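We call the chains A, B, C and D, going by the order they appear; numbering starts again at 1 in every chain.
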Amino acid sequence: MVDLTTKIGSLTLANPIMPASGTFSEDLSEVLDLHQLGAHVTKTITAEKRGGNPTPRVCEVRGSMLNSIGIPSKGVQHFIENTIPFYNAYDVPLVVSISANSADEFARICEQVSVPGVAAIEVNISCPNIEEDGKAFAMRPSTTTAVMEKLRSASDLPLWAKLSPNTGETIEVALAAEEAGADALVVANTLLSMAIDIHTRKPKLGNLMGGLSGPSLKPIALRMAYQCAKSVQIPVIGCGGISTVEDIVEYLIAGATAVQVGTATFINPNIMVTLLGQLESYLETQNIASLSDLVGSVRDEDAADSVVFMETAP
Amino acid sequence: MVDLTTKIGSLTLANPIMPASGTFSEDLSEVLDLHQLGAHVTKTITAEKRGGNPTPRVCEVRGSMLNSIGIPSKGVQHFIENTIPFYNAYDVPLVVSISANSADEFARICEQVSVPGVAAIEVNISCPNIEEDGKAFAMRPSTTTAVMEKLRSASDLPLWAKLSPNTGETIEVALAAEEAGADALVVANTLLSMAIDIHTRKPKLGNLMGGLSGPSLKPIALRMAYQCAKSVQIPVIGCGGISTVEDIVEYLIAGATAVQVGTATFINPNIMVTLLGQLESYLETQNIASLSDLVGSVRDEDAADSVVFMETAP
Amino acid sequence: MSLIQRHSAGEGSPANGTTHEVETTVKSNTPVNGEYRLLTLDAPQSVLDCKPGQFFHILCPVTMAEQPYLRRPMSIYGYSAEKGELQFLYKVTGEGTRALATLTKGDKLNVLGPLGVGFTIQDDWQNLLLLARGVGLATLAPLAQEAQRLNRKLVAICSARNEDVLMSIDHFKALGAEVITVTDAQGTSDLENLREIIENQIADHGVDVMYTCGSNRMLKLLQEIGAKHDIPGEIALEQQMACGLGMCQCCVRSFNRNGTITQERVCREGPVFGIEEAMAW
Amino acid sequence: MSLIQRHSAGEGSPANGTTHEVETTVKSNTPVNGEYRLLTLDAPQSVLDCKPGQFFHILCPVTMAEQPYLRRPMSIYGYSAEKGELQFLYKVTGEGTRALATLTKGDKLNVLGPLGVGFTIQDDWQNLLLLARGVGLATLAPLAQEAQRLNRKLVAICSARNEDVLMSIDHFKALGAEVITVTDAQGTSDLENLREIIENQIADHGVDVMYTCGSNRMLKLLQEIGAKHDIPGEIALEQQMACGLGMCQCCVRSFNRNGTITQERVCREGPVFGIEEAMAW
């Protein structure tokens, strides 16, 4: 028997596979047994009720997808009364994803969801900071520091900061989040993209642009997860384009201690459970007794110098 | 007959399809007639001789590829004596791509290649600025301004600035390049990525990381081309993931006045000529008399507000 | 009205198993006319407890020429637990359906379902009427089967461009439905003629409920007639889908619930909605 | 030595047409043993002017299970302008070759070639010797055909794990080559035994040139023997490829040219190089 448990700071997960925020809900219990997941991660909520973006909210691009769902939200009260109790029927850590357009609002909802039954709070800082220039908090180390410090003082629960691949300062933002008290990093959110319907000449998304997710994102998010794992001491949770067990193993070798599966669940709703079985077999056949033996085992000695040139794609 | 010509500043191209730097060379003349291309764009050269990165220099990721070729270069002298004369046998504008690790060096090679037979200079500012923190010039508006100003005073030829998708400041960098005198923008270069061989646990590229190109890059580069076309007055040349005529039409609708085809040529060496034929038929069947009628025809009125939230993928 | 039927999600239980991702085998995949094809699958019992109006989310094959990524939603055209059979009637429009069209007998196909909330047939609804055009037939066809099973009278008004693309007439007739066909070619498919036909049905033998699918024109017509005669109705709607399960919230549409505009997920609260709450788009 | 044969690129002329991207049709694709398959294609004349040691860059099919993206380089195993035929002998290793293995008679396959610089057979080389192991056989096999055409004597030393995976023995014999087999199972494939066999060949009837492929061990052995007896040699090398045409510079390897280390493109200056300049890796 291999040991699949993994530690994210003070939290121990039975296994490293969990859903990505916004690609999972109570509804999935119709297809699979939610007990089997390492954690439950809910769709980002905001304090107030919100409608989300205009439709169409998704479109397909070659082998991947774009979405501009936005953050439709029934509000924090509805969430506390309905969603938390649903998940508390499972003996699986519940991770609540939150967001807001200003640091104070962010801190407020963070405090509001710091209730029994919640194991950790994922802070989706990839949303626009409307008090500044509208760029997402996670775009710059300075705004990351500002919001993370407020969040830190708003809750004693573990805080997972979810980074954005839209920044050119991945390492600086990761360090800022760590410094300001994040307990883990989730790497990464979707990447700003666009598609146009050549027949109507309209953007394929009602919101003009949206986030790329799925296999196309993987080499980018993997690079970020590696950069973060090399740079910070806190755990990194890999997220982006995972759809095979090889993808998961790649993230673990790169230094992630757990992974989130998003878009792949839309293609194969059972995939998280399938991947868990495959991961267990993989470790067995490779004679790896414990998941932690795999984590961060990348053999990058030869290439160590190159890390300096991290922003140097030709 | 449809009019396929397109103007990039003072330069008129017979058609909008040209190769992307580094994915094209004299060797392609064995497979296709180089007369048919809108322009010839050469692999980036540096002033001195350089060896390039360790192998393996390429690997495959789902439906796309990573490369870390680096910029092996036989030096500017060899280039002027051998490469320029080869292309001058064709009546097609020759675009020479150059790079350097400091602004002064950059200006020097720019001057050196400003010779008869060269129609424009593409400046690959996605390379590390070793005098600063090693981040590429194109990562920040300030470094872009600095290098572009020096380049501008070094040559009277049209200067095409090639942007990087690794930055979180696409629009600011585009504006900086325009302001400093760029005659066109090429959008974009490859995106920093990584892949790990799970069997050896080594990075798949000898250089640890490399640039993503091919279909996965398209929605990202298209978004950038759109952002740039909306923000600057100079022409934008779309580049990234083009492999079908629909891709080209999408870039044109988004506002690009020409396109570069890179990785797709590795998959189908004839593709640029094939695409040219298909583009002509497309325009004919759509009753579009001139390419320029398509350029920038995106119907984004409904979504105009969203442009504000450009960095806001959820 | 449709909301009352909503599945309630599992409560700390193992997968509650109303929906399954299963591998099926193609029995046949034949052209119906120039645009439509009928796909018949050998499917496991687990997914054959269907209701008219529900749909499946189909993982179209990947071929050299077509590489669809997301699943494609398709209404259930036919289902039979006895025969272990599931049928889809689809129009070849883009990458996914072109890929579907390449399937031949023996090929495997991964489907997820049954999904969503189907049509209601209340106990006291004896005279059913449906109004279908184009691919809407696929969605409405199972109502004929269900009407026969429940011993209700069904009038199916089938509209099409011309006789050649009129489909499923025999299917409806075999299931005991009365079929009225109208076509653009004959000039019988216009709104006013449709209104007259329906009014006549109401006058002749009464209509307890009206079903339709898809188009704005038909929605408005049935909303008007329904309001006038106080006849309930249901409409099956479409929207782009990613998950098909209710998780991603991409498939929302606006509905007018007693003056309040709400957004509901077509895949989950629908695809069938009350005709009075549906909004033209 | 191989550099002299380099194609010179076109000079302002239309495509000079030494290389073509063509659609071929699969004639057969049969297992040779547990690991290798032989693919026979119906190919147009334009690509059949091949030389032993050249290769094609193959666009492997995309299937539901395998989605290779880049082309895959494969040595020419057989070519015949008369029969309009092209053959590849390949080992099923990863995504691309697994996809290749699914091809059946009548399927289409896009190939690009012939590419690269092949083996040299100088006019005064009468006694040829080749040393092949595993997939190296695929690369070296056409030398037998060419040797027969040019009326040269060829000794082929074929090495393998065991008798079961020894391939192409009959192929070599049918083309008049003398075949010496060695296997790990019999304990005959070790370096010292190979050295002895080659030394005996040199002593018995002289060897004018030695050809090999792939492995470091064999490279060093032939470098040593070649230096000792002043016998030239050539080796076909492999490297990851993207374009296969010389454009991308990803396929470089280091060579020792009279003490200077240079980098050459395997796809363009190779894949065949002089054995004295090749460097172990």
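What we mean here is this: a contact is a pair of C-beta atoms (placed from the backbone, for glycine too) under 8 Å apart; a residue touches a chain by one contact, two chains touch by 3 or more.
Here the structure is a predicted model, which is why all the values come from computation and not from measurement.
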Partner chains that chain A and chain D have in common: B, C
Relative to chain A, chain with the most remote C-alpha centre: D
Chain centre separation in whole Å, for chain D relative to chain B (CA means): 36
Inter-centroid spacing, chain B versus chain A (mean Cα positions, whole Å): 32
Intercentroid distance (Cα basis), chain C paired with chain B, Å: 48
Between chain D and chain C, distance of the C-alpha-averaged centres to the nearest whole Å: 58
Residues of chain B engaged with two or more neighbouring chains: 22, 61-64, 67, 69
Residues within chain C bordering two or more other chains: 67
Graph class of chain-chain contacts, one of line, ring, star, complete, other: ring
Pairs of chains satisfying the touch condition: A-B, A-C, B-D, C-D
Chain B-touching residues of chain A, taken from the complex the two chains share: 22, 44, 54, 61-64, 66-71, 124, 126-128, 134-136, 139-140, 164, 166-169, 189-196, 198, 200-203, 206-212, 215-220, 222-223, 226, 241, 246, 249-250, 253-254, 297-300, 302-303, 306-314
Touch list for chain A against partner chain C, complex: 22-35, 43, 51-52, 55-65, 67, 69, 72, 86, 88-90, 214, 263, 265-270
Chain C residues touching chain A - in the complex, by the definition given at the top: 7, 9-21, 59, 67-71, 95, 110, 112, 239-253, 263, 268
For the chain D and chain C complex, residues of the former touching the latter: 61-64, 67
